[in-house]
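Going by the order they are written in, the chains are A, B, C, D and E; count residues from 1 in each one.
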Amino acid sequence: MVTMEHYLIVSSIMFFVGVYGFITRKNLLAVLISIELILNSVEINFCVFNRFLYPEHMEGMFFSLFGIAISAAETAVAIAIIINVYRIANNIDVRHIDKMKY
Amino acid sequence: MDFSNFLMMHQELGLLSIFVILLFFDILASGTRYMRWFRAVAVGLMSLQTIFGFFPMPEGAAFGGMYVTSDLTVLMKNVLNIGTLIVFMQAGRWLRQPENSIREGEFYVIATATLLGMYLMVSSGNFMLLYIGIEIASLPAACLAAFNKYKEKSAEAGAKYILMTALSSGVMMFGLSYLYGAMGTMYFADMSLGVALEPMTILGFVFFFSGLAFKISLVPFHMWAPDVYEGGPTATTAYLSVVSKAAAVFALLLTLHHVFGGMAHVWYYMLWVLTVATIVIGNLFAVRQKDIKRFFAYSSISQAGYIMLGVLHGTEMGLSATIYYIFVYLFSNLAAFGVIASLENRSGQTDIAAYNGLYKTNPKLALVMMLAVFSLAGIPPLGGFFSKFFIFASSAAEGDYVLVFIATINTVISLYYYLRIVKAMFINSPGEDSVGPFKTDGFNRASLVICVAGILFTGILSGCYSYISAVGFGLIQ
Amino acid sequence: MNILSLLVIIPLATLLLLLLGKGQKYVRGVVVGGFGLLLLSAVILAVLFLHERAVSDAAMLFVADTLWYAPLNIHYAVGVDGISVVMILLSAVVGFTGVFSAWNMNRDFFAWYCLLAIGVFGYFISLDLFTMFMFYEVALIPMFLLIGVWGTGKKEYAAMKLTLMLMAGSALLLTGILGIYFISGGTTMNIMELSQLHIPMTHQYWIFCLVFIGFGVLGALFPFHTWSPDGHASAPTSVSMLHAGVLMKLGGYGCFRVAIFLMPEAAHELSWIFLILTGIGVVYGAYGAVLQTDLKYINAYSSVSHCGLVLFAILMLNHTAMTGAVLQMLSHGLMTALFFSLIGVIYSRTHTRDIREMGGLMRIMPFASVCYVIAGFASLGLPGLSGFVAEMTVFVGSFEHADMFHRVLTVLATTSIVITAVYILRTVGKVLYGPVVNSDHLKLDDAHWYEKISAVALIACIVIIGVWPSGVQGIIYDSLAPVMKQLTLF
Amino acid sequence: MGFTVFIILIPLVMFLLLSFGSKWLRPRAAGVIGTLGMTIPALLSYYTAYRYFLADAYVWPVWGPINTFSMEWLRFSDNLSIEMGVMLDSISIMMLVVVTTVSLMVHIYSLGYMKGERGFQRYYALLSLFSFSMLGLVVATNIFQMYIFWELVGASSYLLIGFYYTRPEAVAASKKAFIVTRFADLGFLIGILILSYYTGTFDFNKIMDVEADLAVTTMAGSSFLGLSAATWAMALIFMGAAGKSAMFPLHIWLPDAMEGPTPVSALIHAATMVVAGVYLIARMFPVYLFAAPDVLTLITYVGLFTALFAALIAITQTDIKRVLAFSTISQIAYMMVALGVSGYGGDFGEGYTYSMFHLFTHAFFKALLFLGAGAVIHTIHSNEMEVMGGLRKYMPITHITFLIACLSISGIPPFSGFFSKDGILSAALRYEPFVFGVLLFTAGLTAFYMFRLYFRIFWGVDRQYEKPPHEAPKSMTIPLIVLAVLTCVTGFIPFSFYVSPDIRPYEVYIHWPVALSSIVVGGIGIFIAMWFYRKASDRPAHLAAKLSGFWKAAYHRFYIDDVWMFITKKIIFRGISGPVAWFDRHVVDGTMNVLGTGTLKTSEAIKGSQTGRVQTYAVVFVLSVMVITVLVLVL
Amino acid sequence: MGELANAIIFYCLAAAIVGMSILAVTSRRMLRAATYLLIVLICTAGLYLLLNYHFLAVVQLSVYAGGILILFIFAILLTSSHGDRAYSHDKGRVIAGIITALAGIAITTWITMKHHFLYGENPALMGDRQIDMKEIGQVLIGTGKYEYLLSFEALSILLLTCAIGAILIARKR
């Protein structure tokens, strides 16, 4: 029997795997991929809650829907910026974008 | 479907029309000589919008409670308008530089859009709208941070900002999902009824809070701020450090007290500690900065801590003090950034060393800068003194003298680094890095005049605070 | 219009006028005019005050009250009693003479100077804690630039230290003021109204400490006095004058107007701690001055000692001692201003303040030297000069205290007068007397006319108070009656 | 007798006139104005004395105090205030006469002595200031007024000692004089504070109202560290007196004070100011007697020791002014002893009476000695005995007057010193034979060293002077003659009719056994001196060699100055002041600086946390969120 | 049977999601990482289907898999020179990441398990309800409560602005 908690666990694993990726990856695009994981997992959460707990309205589902759109927008902007970084620095290694610190 | 709901949104519609006008102006006039009117049009429209905000507005909710407007939100939006207007005025010179002139229009368009997002943050009655508002306010702002396309620092700032903002929005959304799971609704009004002290709610709340704290740059969510502020174009830095921060504070204020008021004892201590940490860390980092923009980043972090003093207690006084503080902070910080922008446009320097002997070469700019930092440090009779006093008073009113004490002691540290700037300008003699005498452009000068007037008179004339206080009364429900 | 507001408006107007023109002549004219007017209005105020005092028995006279910040019930409330009047006179005199000592300074200097004056006068006339605090800080900040820009020696360090320490004091003060306001009910900031309210004892303890230390920093309370030597040593002449002469009095004035007056119980309970500190300060400052070699350092330590006596006397909490405290503020203000003015005269010619490099100046600049000797005598408490009157009132008053502890402490404090004599005479002996050490000094000229004005005016005040003390003493004594009533209420 | 206030005011006016007018007055004019200015108070004093003692003797048989003038000067509290006034009673009138007379003589004398000195106007101005202060002191109606003028005389003494301000010795001496007396005055001040605390008044009359319940007795009860408050107060006041009157161990300033111009030494450091201490004790005598008898004992023995001690030192000194200075110390100590041994009522008050009498006579003959010495110095241009000798031929007037003074101080009748000294000795005998014995021995020593001085100046080796010495000008000899006459006649004044502790006159007779013994001892002293010094011989050197240890010690003033120097230089300067200054700079200020640099250091230390890498930020972000969550959950 | 099938499908999807997620953030080659991400996204769409959110599943597939992934692949190809070796060798960072991730999973799981959810009256029935497109459309452009016209419009602004911004940054000049 699959209960809601199962879904939630899956999504939270996905979320924190995303966090892990964000922290460890050294390619900016890989970091971005991790962010996609994070956002995706949250969307699962919304749907699950909506479906199992509050199915009378579609709040969660719409949140997921908009979330997908937002993550698309965000990816677009992020990729644009990363490409710009690449154009200037000729690489997109995270370790190289630390000109400003302390 | 009742589209008359849109008619409640006077300011949003106004701003939307500005957005559209500017967008089409940009598209149609791009590359033609009409482009030189662009800034005037943008500033003019923005001023109209600002003035428009002071007219009476309807109060109430629309879209089934998703959108809420009241005198208070109008006031907050007015504050944001003024900030944006000043940033527009200051940005002009930089945008006219050859490498940026092609993108001149986009700056205003995107900034207008982010402002719209902030409107939604302030006016939202639903977490979904709040979230979308935050995203509108932050994603395009990343483009603004990376606006100086050919500067590595700017690109780096943009990358850091977009990555961190995406992470924070993920974390925040995660929190929201748990809140939704625990309470079954995203509407503020409904949620405030159902706030219960369960681990899930708390987790959801903390995750959600971190998103806003990120925008306000509270410690430990502040780490992006110095890098982005340093790397971003000065106008963007000014915009982020003032307007964006203000909007986030407003949003936090409203949600904390409208939605999470029931669990105040939970977040009170959390916020208390974060406030202290923010003030202290901001100060500690600020003391030894060499780049003036980075310096102001840390200074604005610690200022954010002071702002939180007012948010913390959620009393009527605290709320009005917060808004007032932000209002004064806006003038002070923007005055500083106005000067920074002028110098940067002139010489490309943002080193504090470049300010050595500024009083000898450009006395007026130096005076403005001095007023700005003195106001930030809370020196009477400038506005900053009053705002600090009221914000401390609001905290003291609740008997939180320890916090007041820590905060006041920290003002001394902050005074130290502000005085360093003053010292550089007034006491040090001009060095090699220093900037020679020059004239700033009209818009910038006007913006500085506005800021100085704001710094000088917001405190001395009590009407400003009294007005805010009268409006702020509406927040307590 | 209230005459008191005039005291703030005149320097403000002077400041604005200064910003309009630039020439040295213009600047001098404006500043002399402004501060002359200020002195005049202070004198008129004093006369009017005496007049009014005769017919009115209100605690404060010339009261004016305008609501400023309604939400916190902050008022622009002004009013004076005898003590404020005396302090205003002192400030006006020192401010006026300071202008002459700063004769060759430029416009910017005087602009800051005016700002300082605004703060000082505003502070003394304020009845509202908020405005009082505001003016207090207004008075502190110009110091940074006055020292930093126009100072000498380690000026940047000194300016920074001075400003930060004083601001740290005012940070404590701010907490304290908020405490007073809210714990007394959060209804009024007016000192006179607050004195009618009661602050619970548990809160009085910490508020008293904060407020007292806060003001004490400016009043050179013992461990927090270290800004003073460096600050004074680095400041330009007239700034030292105004700072030691007037600004340090802000501390003492605040201590009793706020700390003692509003929290009498705590004052009684805690006075012993601060008495020990101030007692140490009195003796310690004097000892510290003995071996210094920089004229200004000597004077700075001497100020620590003398200002310590002010706080010491205030804490004795009796009528005579507090009268003495105010007299001491007045006297120290005048004589230290005189000292600094003369040190300025000497320094501007010899370009050194090291007493080892000077000698026999009496023969070279007799006027300045004689004035210096007079200042020295005033400092060591020679009868006929103001120092004696003040110190004796303090000692007699302090010794009137019924408690043995206080009397023993008083005896210890009196020992400072011997040490004072030691360092004053040492300085006089080394610098003014004896053979001329540096033959270059033989060419030097005596004080200029403007420097003479400054010195003579100050000496005149010192002598007047010293010879005919009962006038000013009477004003102070009567004005302290409400404070004493407050102290004996419980 | 309201005019008496002018006795005090006129010198003040003179002071102001001379100091402000110094630019416009020629030196000579200033001197003459000053002298004339002093004449009026002198005449007024004589008139006052005449009125009080003779004409208006309505107060007979009690010489009660009269307040002829009083003005509130400073009100401390409802019952404590300082009055400025003029109180006349027998001792204050006596002092008025002494001060004005000697002062006038010195004014006249200085016209000659100081002629051509730089700062002549200043000199006269300061003399006027001193006269004003001293007169104010003697007529004080209350102890605080006395303290005020006490300080003023100290200051004018300081200024006059340092008159030759370019001479480092003079500057050092003036500094020393002021600081030592200031230290003593501290005791005086504290004594006043204690006294006023318990009695609630400063007024002499109120404090000493013996008939009413003596206010002071109320303070005998309370005690501090085992001694009664009265004892403390009076002992401390005695400390003040001891400082001014150069009692051991506070005497060190007086010999050095001889750096001042000689007339000043005559006026201040012989006749008037230095006896202020005696005057003070006499003024407060009933209080000492009734409330603090222990202190009187202390005074006796301190005085006794000082008398002997100073006399011993005087024997060995070679600077003529130093000799006179130690002689002054010794003689003042005599007066102190006399006060200490005195009782109350009738004959018992003999000590008091003769103390005052000795003060009176000593003022004249000691002024005479100083002025005489001044005349010598004026022509020889040196203070050292070594360069003098055989001057009797060159300066006859000086010689005769000096001899008179020496005889007087040695207690040879019929000169005034004999009478006063005799009374003191008899009072001492009545008190305790030991005291008497010591005083008698001291009298012998006095005679010896005075005549040693006399013989070495006016007899001894006949030196060849480069410029032959000459007699002093008239302006200098006239005062000498006047004072010599006074020395001869004042001894016959029946002092006990006018001055007694219980203000009632009584009769005394010369105690011949005592008198004879004193004359004999004095004679022996003179004889030895003559034997040693009448002609140049090596006898003194032999004696000195035999007693070399003692001689050396006495010559170095028994190293008391070194002890004080050690205390000031080593203990106060190096031991306290230095460490305080260091402590202040390094500990107190250091703490403040550490607060500042600590902040900066912290800032430097934590800067690494801002790595500039976005992933670090993320770690911090996410971990903080979780930590906060956990903390909020747990707490 | 439906339940069991659902369970089996769920577990398969869950396993795929977890596995592919981990691979996506650990794979050294960027293109592979993108591919793993694609699988995760598709599996997520599967989960939506399982939850009867068909529309959402379609959106997920079209926007994510169809739009975003393409962007990624373009970007990866554009910046490919250093595209390989995407994985960090920084031990400290890896450890920090692992700690953070594990702690996070632990906390969230613990909280989820502990929480007493307020299930609807008939979860199975409610959960199985199909949402038809018309309803979704109505809600999307409705102005009442639980209707999202405003959000929709706001989102459109966001997308427009982001498009402008992205072009602004990415274009050559």
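Note that a residue touches a chain if its C-beta (ideal position, glycine included) is under 8 Å from a C-beta of that chain, and two chains touch if they have at least 3 such contacts.
Everything numeric here is computed off the predicted structure, so don't read it as measured data.
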**Complete:** Touching both chain B and chain E we find A, D
**Message:** Considering only chains that satisfy the touch condition with chain B, which of them also satisfy it with chain D?
**Reply:** A, C, E
**Prompt:** Which chain's C-alpha centroid is most distant from that of chain D?
**Reply:** E
**Asked** Hey, which chain is the most central one here, using CA centres?
**Response** C
**Message:** Can you check which chain pair, D-E or A-E, has more C-beta pairs in contact?
**Reply:** A-E
**Request:** With chain centres taken as the means of their Cα atoms, state the distance from chain C to chain D in Å.
**Result:** 36
**Request:** List the centre-to-centre spacing of chain A and chain D in whole Å, with centres computed as mean CA coordinates.
**Result:** 96
**Asked** What is the distance in Å between the mean C-alpha positions of chain C and chain E?
**Response** 71
**Request:** For chain A and chain B, let me know how many angstrom lie between their CA-based centres, rounded off.
**Result:** 26
**Prompt:** Of all residues in chain D, which are in touch with two or more distinct other chains?
**Reply:** 596, 607, 610, 612, 614-615, 618-619, 622, 629
**Asked** Where does chain E touch two or more other chains at once, residue-wise?
**Response** 93, 96-97, 100, 104, 107-108, 112, 117-118, 146, 148, 151, 155, 158, 162, 165-166, 168-169
**Complete:** Shared-interface residues of chain B (touching two or more other chains) are 128, 132, 135, 139-140, 142-143, 146, 149, 158-160, 163, 167, 171, 178, 181, 184, 199, 203, 226-227, 416
**Message:** If I apply the definition of touch given earlier, which pairs of chains qualify?
**Reply:** A-B, A-D, A-E, B-C, B-D, B-E, C-D, D-E
**Request:** Would you tell me which residues of chain E are touching chain B in their complex?
**Result:** 107-108, 111-112, 114-115, 117-118, 141-151, 154-155, 157-158, 160-162, 164-166, 168-169, 173
**Asked** Given the complex with chain E, which residues does chain D contribute to the contact?
**Response** 615, 619, 622-623, 626, 629-630
**Message:** Under the definition above, what is the set of chain A residues touching chain B in their complex?
**Reply:** 8, 15, 18-19, 22, 28, 31-32, 35, 38-39, 41-42, 45-46, 48-50, 53-54, 59-60, 62-63, 66-67, 70, 73-74, 77-78, 80-82, 84-85, 88-89, 97-101
**Fill in**
Residue positions on chain D within touch of chain A in the complex are 607-608, 610-615, 618-619, 622
**Request:** Can you check the complex and tell me which residues of chain B touch chain E?
**Result:** 1-3, 5, 16, 19, 23, 62-67, 102-103, 106, 109-110, 113-114, 116-117, 120, 126, 128-129, 132-133, 135-136, 139-140, 142-144, 146-147, 149, 158, 178, 181-182, 184, 187, 198-200, 203
